[in-house]
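Next come the structures, one after another.
You will see chain A twice below: alongside chain B first, and alongside chain C after that.
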Partner chain A sequence: MNLPTLVFLGAVLAYPVIYAGYLSVHKVGLAQLRRGEFPFSGWENYGRVLEDPLFWMAMKNTLVFTAITVISEIVLAVAIALLINQTSIWTSRVTRFLILLPYAIPPICNGLIWSFLYSFQLGFLNRILFSLGLIHDPVNWAGNPDTALYAVTVPYIWRTLPFAIILVHAALQGIPRELYEQAAIDGANAWHRFRQITLPMLQQIIAIILILRTAFAFAVFEEILAITQGGPGDATWVAAWYSYKITFSPPNNFGMGAASAFILALMIAAIALVYLRAVYRRVQL
Partner chain B sequence: MLWVAGVGLEQLPGTWYQMTWNRGGVFFDKQGNHMLGAGSVARETLKWWANTFEKGLDIADPESLKVQFTSSAKAFGAGKNLYRGPNHHYGLNIANDPAQSPIAGKVKVMGSPGDGKTIADAHVYFLCTANRNKEWAWKLLQYLGGKTKDGNYTQAISLAKDAMLGSGYQSVMNSDVIKTGWAPWGDVPEILKIWDKSAYIAEVCSSIYQPWHFPWTDQLNIEVQKCLTGQITPDVCCDNLIKGIADAKRKV
Partner chain C sequence: MFKLSLPNRLALHVANLAVIAVILLPLAAVIIGSIQSEKSLQADTRRLLPPEVTGDNFLVILTQGEQRGRIFDQATYLPDNIKKFYRAFANSLIVASSVTFLTLLFGALSAYTIARLRYRWTLFLLQANIVSRFVPAIVLMIPLYIVMRSLGQLNSLSGVILAETGFLLPYAILILAPYFDAIPSELEEAARIDGCSRLRAFVHIVLPLATPALAACGVIMFIVSWHELLIPLILNARPEFMTLPVVIASLVGDVFVFFNLMMAICLLALLPTVVLVALLQKYIVEGLAAGAVKG
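After this line comes the complex of A and B, so read on.
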């Protein structure tokens, strides 16, 4: 019964991963592709990636990007989900649709939209801030090395936040009403109810969001491609951009690109493991 | 002023190459030795270029560092800048197109300063010999890079007409396709004069023939953007690029 599924998953998921692993331990560039022979190179590609200062710069930027986006997403998702979960607050289907809308925007389109918003002289963002009197000169959001990385976090959060809202909202609806009623009888105020009931009951879903969003944020690419292309300078070089450039820019070092992608995957797996252990230790306590 | 200085193989590096060549400098000599040391034309050009940004003359549009060929022409069409350059791929067909630009008809093309020295590059098509059908491969190659059965440079002519791309074939450049086809977008004799003064990009940067040129160009994009945004000085930028040559050679 499961065989077709396994074959399909093997073809579309396992094969590319295994083949990338194969490439990562072989010398694969344009010359090797032309000859059709990939000499075995052992750990050489991994060593070259780990020795490259640009890789570590990209990792640092990735960690900053991930920390900002994941923390912001969780805080905002819990806040918005709590809001739309309130029976006293009426939300129309249109409102709910609009909340979900950003998730339906293709990432590359999202990046292009925000690159227009961020435009130095013609962007809507500067126009709004200028009209409100908050700025007197246009701000170069995506072109200034001090603000560029933070500037690309906003479109990313905007696009991916609905996913987290859906999960938190679903989890909120699973919390028994009786718990809140009993807590209210005991005199617990709104903050105490949130702190003692809602948050512990959301712990597992938050762990899932943490793992998923961390994994995806680590692999951010489209917004970087559309808005900054890694610039200015190396201010927004992130791990996936590094792998892309190594692989698809001349001299097209596919082996090293695959090695960098595997290092990234291992890092994500390690972080996911830490999350899981931390969450389940708390649940056991 | 809007520099064409977005990250890429041709945009930001090309702008620096062009200005350096125009001032009489090169990046590598014929023997492959770098020409980026103290007092070099490339280094002095970078100092001048960096000075056009906000910490110096403050005349360069910061958007310059994000725009590629087409996007820079479209941004220039908004009418907020006095100058766009160097004039990569012309862009006149966008900036002077009423359908795409509010300032259409007002954009003039000018040659480079001094004796007008500039650079150009021509792209060639090639196909691998290991084709299943060599006859069709040969036909495709002829269509893309040569003459079709009717004796015309069909692809070169359509690229010139549709995208205002110059051709490596002198007969195409001298033809009515250019004289009449480009006339709505700019002063054709002036453009052809610029074309005649252009040297191949490898004259300025001979490393283009080396496999390490590309990883080195990646570093060049990063270092020069850092320089133009005031994170490092032009001297540090050039010193880093000199060191980067050895690193790039190791990467290939």
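After this line comes the complex of A and C, so read on.
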């Protein structure tokens, strides 16, 4: 019964990953592809990637992007999950109904919509801020190298936050009410109840979100493609964008692309192993 | 459970309104952007609502450039990909439905054995799936591109379907396994004693009980594969085989395509999954939680 799964995992996951490793130590460009021969080149591709300042720029940007998105998502997810857990507030019920909406938006559409929102001359965000009287001159949100990287974190957080909120909200509902009632009898105020009961009970789910979101934010692609294409200059080059550009735009260096993608995969694999140890330990019956 | 004081209630209402405003902001932008012309956007760069509303952006997409309306009357250039809207929509639908079907079929079989058979190799299979879920698409796409190229399988829907199925299968298994784990095994055991094979017991007893699981997993698979960009972008370069996200991505670098047309096509592309999320919210919420936390 597992044959189809094993075939698929082998053909579409394991084999390509191994083949990517193979490509990364061979010279593979368009000329080699045409001939069908990939000469062995040892660590040359890795050497060239590691010497490329653009690669380090992309790595630095990826780390900054990931740190900002993951930390914001955890804080916002806990806050908003607590908010929609207030069933006696009718606006909380409205929020709860709408909370999954960003999950429905295709990432590439999300990127384009935000690129319209951010647009310097025509953008919707500047229009809103003008109307509210908050700014007097248009702000170039995504076109300024100093702010572009921060600008692309917002759409990404907007799109991926529902997932984190849903996990925290599900965990909140698993906390026994008696704990809170007992704490109230003991005279604990809201902040104490949060610190002493809610937060410790959410510890595991926060760890899960931290790991999952870190792994996925490392590979961010669509929003970068739609909003900045790595620009202005190289201000928003991230790891996946680097591998994509090196490989699929001239001079199409597949070997270097595979090497850089393999470095990214190794970093994410390390995160995955932490996840396996932390979350699925209980499956060892 | 605790009585909230009036100032606290007010603060919570304000917080909710702020969250709702942020959720709706991009949707307001895409709608307002899509119902006006580039001219009206340029005429006043500070105005929030358009001076006049037009359906021409949708008209030009939905008639594939045959009727241009007033906005595009004088336009000498329309991107070719816009003219293949129905083809792209159909491709997206074919890919997403096939991937949903295949991941459910293979995923259910594997998730069931992982939940029922406690052997070393099923545990290993589960762990392999968990690690596979983390593999970033870009790592797979470079070798897959070269393999598909040498097999002559670039530019075909089946290549995209197979690649996406393999890519999403681990996630499907992780979502389904806890559901199967929760179904009591007594029923199948009774059937097995009556001489039913394991596969028959699975099809006739377990699967009907697992409909909510299949619904949850299926709708998530459909949404993720409807959204997938990188795999079809790299494997399919010819317009006949592009899915909607690829068509939309192809407009990004085109300086002659204006925001209004982009917003219109984005709105058309996001509607199907928004409808699914609105209708099947309960299943999606359960499925997302199951796929992330339960072993």
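Observations, loosely collected:
Definition applied: the second predicted complex is superposed on the first by the 259 of 285 C-alpha atoms of A that agree within 3 Å, B and C clash if a C-alpha of one lies under 4 Å from a C-alpha of the other, contacts with A are read in each partner's own complex, and residues count from 1 in each chain.
By our rule, contacts are C-beta pairs under 8 Å (C-beta built on N, C-alpha and C of every residue); 3 or more make two chains touch, one makes a residue touch a chain.
All figures in this text were calculated on a predicted structure; none of them were measured in a lab.
Superposition model on chain A: chain B and chain C are shown in a clashing arrangement.
Between chain B and chain C, the partner in contact with more residues of chain A is C.
When the two structures are aligned on the shared chain, A:63 is found in touch with neither chain B nor chain C. When the shared chain is aligned, chain B comes close enough to touch A:234, but chain C does not. When both complexes are overlaid on chain A, the residue A:175 reaches neither chain B nor chain C. In the superposed model, A:29 lies in contact with chain B only, and not with chain C. In the superposed pair of complexes, A:257 makes contact with chain C only, with no contact to chain B. By the touch criterion stated above, A:197 is placed in contact with neither chain B nor chain C. Once the two complexes are overlaid on the shared chain, A:140 sits against chain B while remaining clear of chain C. Applying the stated contact rule after C-alpha superposition, one finds that A:122 touches each of chain B and chain C.
Superposing on chain A, the segment of chain B with clashing C-alpha atoms against chain C, chosen from 97-105, 115-123, 151-159 or 223-231, turns out to be 97-105. Judged by the document's definition of touching, chain A residues 119, 121-122, 229 lie at the interface with chain B and also at the interface with chain C. Remark: chain C residues 1-2, 4, 9, 12-13, 15-17, 19-20, 22-30, 32-33, 41-42, 45-48, 105-107, 109-110, 112-113, 118, 123, 125-140, 142-147, 149-150, 162-163, 165-167, 169-170, 173, 198-199, 202, 223, 226-227, 229-230, 234, 244-245, 248-249, 251-253, 259, 262-263, 266, 269-270, 273-274, 276-278, 281, 284-285, 288-289, 292-293, 295 touch chain A in the complex.
The touching residues of chain A, when paired with chain B in their complex, are 29, 34, 48, 54, 115, 119-122, 140, 142-145, 228-234, 237, 245, 249-251, 253.
Of all the residues in chain B, the ones that touch chain A in their complex are 6-7, 9, 61-63, 65-66, 75, 78, 80, 128, 211-215, 218, 221-223, 225-226, 228-229, 231, 251-252.
Every residue of chain A that touches chain C in the complex is listed here, in rising order: 1-2, 4-6, 8-9, 11-13, 15-17, 19-20, 22-23, 28, 33, 36, 80, 83, 86, 88-89, 91-92, 94-95, 97-110, 112-114, 116-117, 119, 121-122, 124, 126-128, 130-131, 138, 155, 158, 163, 166-167, 170, 177, 180-181, 184, 190, 204-205, 208, 212, 215, 218-219, 221-222, 225-226, 229, 240, 243-244, 247-248, 254, 257-258, 261-262, 264-265, 268-269, 271-273, 275-276, 279-280, 282-285.
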